[in-house]
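So the structure is just underneath, and the comments pick up after that.
Letters are used for the chains, namely A, B and C, taken in the order the chains are written, and counting of residues starts over at 1 for each.
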Amino acid sequence: MRDGQAMSRETLINILLAAALLALPFVAIAMEEPFYITLATRMAILALAAVGLNIALGLGGLISFGHAAFFGIGGYVAGIFASHAFNMEPMFSAPFEFSGSDQMPVIWLAAMLVSVFVAIPIGAISLRTSGVYFIMITLAFAQMIYYFAISWPAYGGEDGLSIITRNGFPGVNTANPLSFFLLCYGVLAVALLMFWLIQNSRFGAALQAGRQNEQRLAAVGIAPFRIRLVAFAISAAITGLAGALFADLNRFVSPSMLSWHMSGELIVLIILGGTARLFGPVAGAVLFVLFEFALGGITEHWQFFLGLILLGVVLFARGGLIGLVAGKARHG
Amino acid sequence: MSTALLIEQILNGLQFGVMLFLMAAGLTLIFGVMGLINLAHGSLYMIGAFACAAVAAATGSFWLGLVASLAAAAAAGALVELVVIRRLYDRDHLDQVLATFALILIFSEGTRWLFGSFPLYLDIPSALSGAVQLPGGGRYPLYRLTIIGVGIAVAVGLYLLISKTRLGMRIRAGESDREMIAALGVDIRTLYTVVFALGAALAGLAGALVGALQSVQVGMGEPVLILAFVVIVIGGIGSIKGALVGAILVGLVDTLGRFLLPKLFAAFMGPAQGATAGAAIASMLIYIVMALILAFRPKGLFAANA
Amino acid sequence: MKKILAASILALSMATSGMAYADPLKIGMITTLSGGGAGLGVDARDGFMLALKQSGVKDIEVVTEDDAQKPELAVQIADKMIQSDKVDLLTGIIWSNLAMAVVPNAVAQGKFYLSVNAGPSALAGAKCDKNYFNVAYQNDNFHEAMGNYANTAGYKKVFILAPNYPAGTDSLNGFKRFYKGELAGEVYTKLGQTDYAAEIAQIRDSGADSVFFFLPGGMGIAFMKQYAQSGVETPVMGPGFSFDQDVLGAIGDAAVGVKNSASWSKDLDNAANKKFVEGFQAEYKRLPSIYAAQAYDTANLIISASAKASVKDADAFRAALKEAKFDSVRGKFKFNSNNHPIQDIYVREVVKEGDVLTNKIVATSFTDHEDAYAKDCKM
């Protein structure tokens, strides 16, 4: 099934990567560079969003160019809940009165539920198509939501929505950067575990089989449509959760979280790290944030060099960073 | 609302559609022949506009600028094909998306590096300024009529090229069966470079022609790119006919939506509220239309090759 | 004798510098240096740096970084500048949505923020802060001035349009706040739209006696070019953003004669402005825009405040900022209770000087104008 040595090498890299990301904030404290905690948190959250996308894209071969929609929806759930809780205005009064919440567990649950709720109709329509049509129809749905958010004045439109104080979590002081990082890191770990479980489940096997040979899957009596729809919804839920965390990290949410650039960036993270690999999104997010941060400090033409680096990766490091270090890709 | 205004708006929609076709033609050609998703198509459009503006400013002639835009975009296209794109044909769409996304960053920042941060000046040639009398009393800008003409010429030209010439025969062969064309002894690498350069030149031409109506600035290709993708996806990827129909459909839907929806909403919600609500729906309209079409015809209106 | 004089000057300068610039001041400048909006950020940065260079102060250090016009990136850079670079003061943001992302967090951490351009209404009203100073304008101001001017110019039926986003609706509301005539039409366009044929057809059909539009950046350039080509003769007016030095070159002669509003113009007759315009041309080989002027004023305000108080003494530094004792290129400058300017707003006309398009002042729309949100600001 798998080449044993490459497998163990990849596992080793995964462990190193996880340890390095965990260690970064503590190094930051030792170096008295608290900003690196923010940077590490950003890495963890973007990795989480990409882990979500990786379920659809990596396992299912569903190249969604519209996952920013779920990222932004999660962000707006956090922003809207927090602003209602802060102002003590009811969001709706029927069937029961609800005034938002500034508690992360409530927000996370809502972010995931709303993402799933939006993902199911989008997926149901989009999954009728395939290939480039799928890429573009997911983009179309994200663009609809983007333009809606820009012109909808109730929650700030293009100006966005501020979260005055970071939402809370029972027993954790989320205002402390390290605590918030650990919280995000924990969520990321759970998501990675979930990805691994899916990857190795019967459901995951069917999903990956559908990527390679649809006819065979249909022949053994499995409907690829339903499996893909479920995968798309799970994928959306995780990306939505990441969006809620991202809003809390920035204490701000705006339509730019919904833009097609964001969708593109999420895809870039996955390919940069290694498509369909468990830790691909983590490696990609770590690398991308590092590039963005380091280059931005050096030259105002940083995007030029970022482009060159990305181009180099795609041309010469097939299978992304993890593929480069761990050897040949294990597709399937 | 008068009938004359409605007719003018329909003409505007057609004209916008033809403009979109100019941008979409090259994109759909490249996809049809090489199966490549080229996100950097908008950058080639930008290169055409910048080349035209720079040469027009230096020589005072829009027409020289137009020639320069074709040359610069074709050269940039050929270069990109030789250095980057040809390594991507046998990759999946994901790698193509990432590589051409990277090219956008390189081209955008590179252009700003070269030309500075301020928008460039590019005006329509004086021979094409002014408006002409339409039958029925309306007046319409000559330059926009010219764009409609160029768009039709490009559509006809591409049709003739593909159905009547040797190059076209090879392109058709390449679309349907890549192994066969290689077996026929056609140098497929050169063919691909030529097709990519042709597609790039079309993007550059569009950039120069439309740039004279708009703002020649870094990033001008991105909104256009998204619209061009909407067009070719609606039309059926790889189909020139589909791109034309898709472009005109998108042009009409967008223009008439912008014009009519706010009026419709104003009737229910009052002028200020209706104007914003109508505009909001209008900005989402083409994506709604696209989703509807794909929901019923998952391969677009004119699926070229299965 | 000479020696003694030199020594005493040295001692004097040491004394003043020892007193006034006891602590170095570190400024974080977040602005847009890449993408389509880079021209505004580049001008703001250059204007700011020119003021520092001309003043010769040595104790002010500036770190600059590009936000690429992305709110999330701006937030990240602000965090970095506060936590890692340990800046005392932030400035430089051009766009309202980026300001809304950065400013509330920065001032909540006790940093100063001085706006060189963006002036969203929330930060002028309910969300104002004692550490937030806007040296430019409140977003509505220029539009209000144009509404007021439309009355004096005798327009009775104006067609108004703006993009469909908060700054766009604010703009048209600002115009309507002062304009007394009727509207020939009110249209909201798509943000980033590049073809305006449909809107221009509506303008022609509406029988309007004038057009007011707010379409920042490339949108305004596209609109003006297409408007001129359409042959519609109805006069156009707008806020200064669509007719400033950064975009006039791209619009070309189509802009000549257009009336627009701003708090500054190249031809404002005062010594500070003369020094600024000449210095800017000598340094950067181009004419300055209003973004450069506002940033230049911002830098001079900071220099004046830091000469009076150390930034480490926040209360004293804040009081020194609020006094606004510096030579503004706008001739006069003072802060309202909400730390936003009280200033004159002029009507300018686009003219051609030789080959170069620029503006000249033709009227004053408001004298000592305040924004509409100051009453909501409690601090």
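In this text, a contact is a pair of C-beta atoms (placed from the backbone, for glycine too) under 8 Å apart; a residue touches a chain by one contact, two chains touch by 3 or more.
Computed from a predicted model, the values in this text were never measured in an experiment.
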### Message
With contacts counted as defined, which of the two, B-C or A-C, has more C-beta pairs across the interface?
### Response
B-C
### Summary
If chain centres are mean C-alpha positions, then the most distant from chain B is chain C
### Task
Could you grab the centroid distance between chain A and chain B? Build each centroid from C-alpha atoms only and quote it in angstrom.
32
### Query
How big is the gap, in whole Å, between where the Cα atoms of chain A centre and where those of chain C centre?
37
### Message
Show the residues in chain A shared as contacts by 2 or more other chains, in ascending order.
### Response
147, 150-151, 153, 301-303
### Query
By residue number and range, which residues of chain B touch two or more other chains?
108-109, 112, 276, 279-280, 283
### Task
Can you tell me which residues of chain C touch two or more of the remaining chains?
33-34, 164, 169, 188, 190-191
### Of chain B, residues touching chain A in the complex
31, 37, 39, 84, 87-88, 93-95, 97-99, 101-106, 108-110, 112-113, 226, 229-230, 233, 237, 276, 279-280, 283-284, 287-288, 290-291, 294-295, 298-300
### Query
Which chain A residues qualify as touching chain C in the complex?
33-36, 38-39, 42, 147, 150-151, 153, 156-160, 162, 164, 246, 250-252, 254, 256-257, 261, 292-293, 296-297, 300-303
### Message
So in the complex, the part of chain C that touches chain B is made up of which residues?
### Response
33-36, 38-39, 41-42, 164, 169, 183, 186-192, 194-195, 197-199, 201-202, 205, 217-219, 221-222, 225-226, 229-231, 246-247, 249-252, 254
### Query
Contact residues on chain C for chain A in the complex?
33-34, 64-66, 68, 70-73, 75-77, 79-80, 83-84, 96-97, 100-101, 104-105, 120, 122, 164-167, 169, 188, 190-191
### Touching residues (chain side chain B, partner chain C) in the complex
1-2, 4-5, 8-9, 12-13, 15-16, 19, 108-109, 112, 117-124, 129-131, 139, 141, 143-144, 210, 212-220, 223-224, 255, 258-259, 262, 271-272, 275-276, 278-280, 282-283
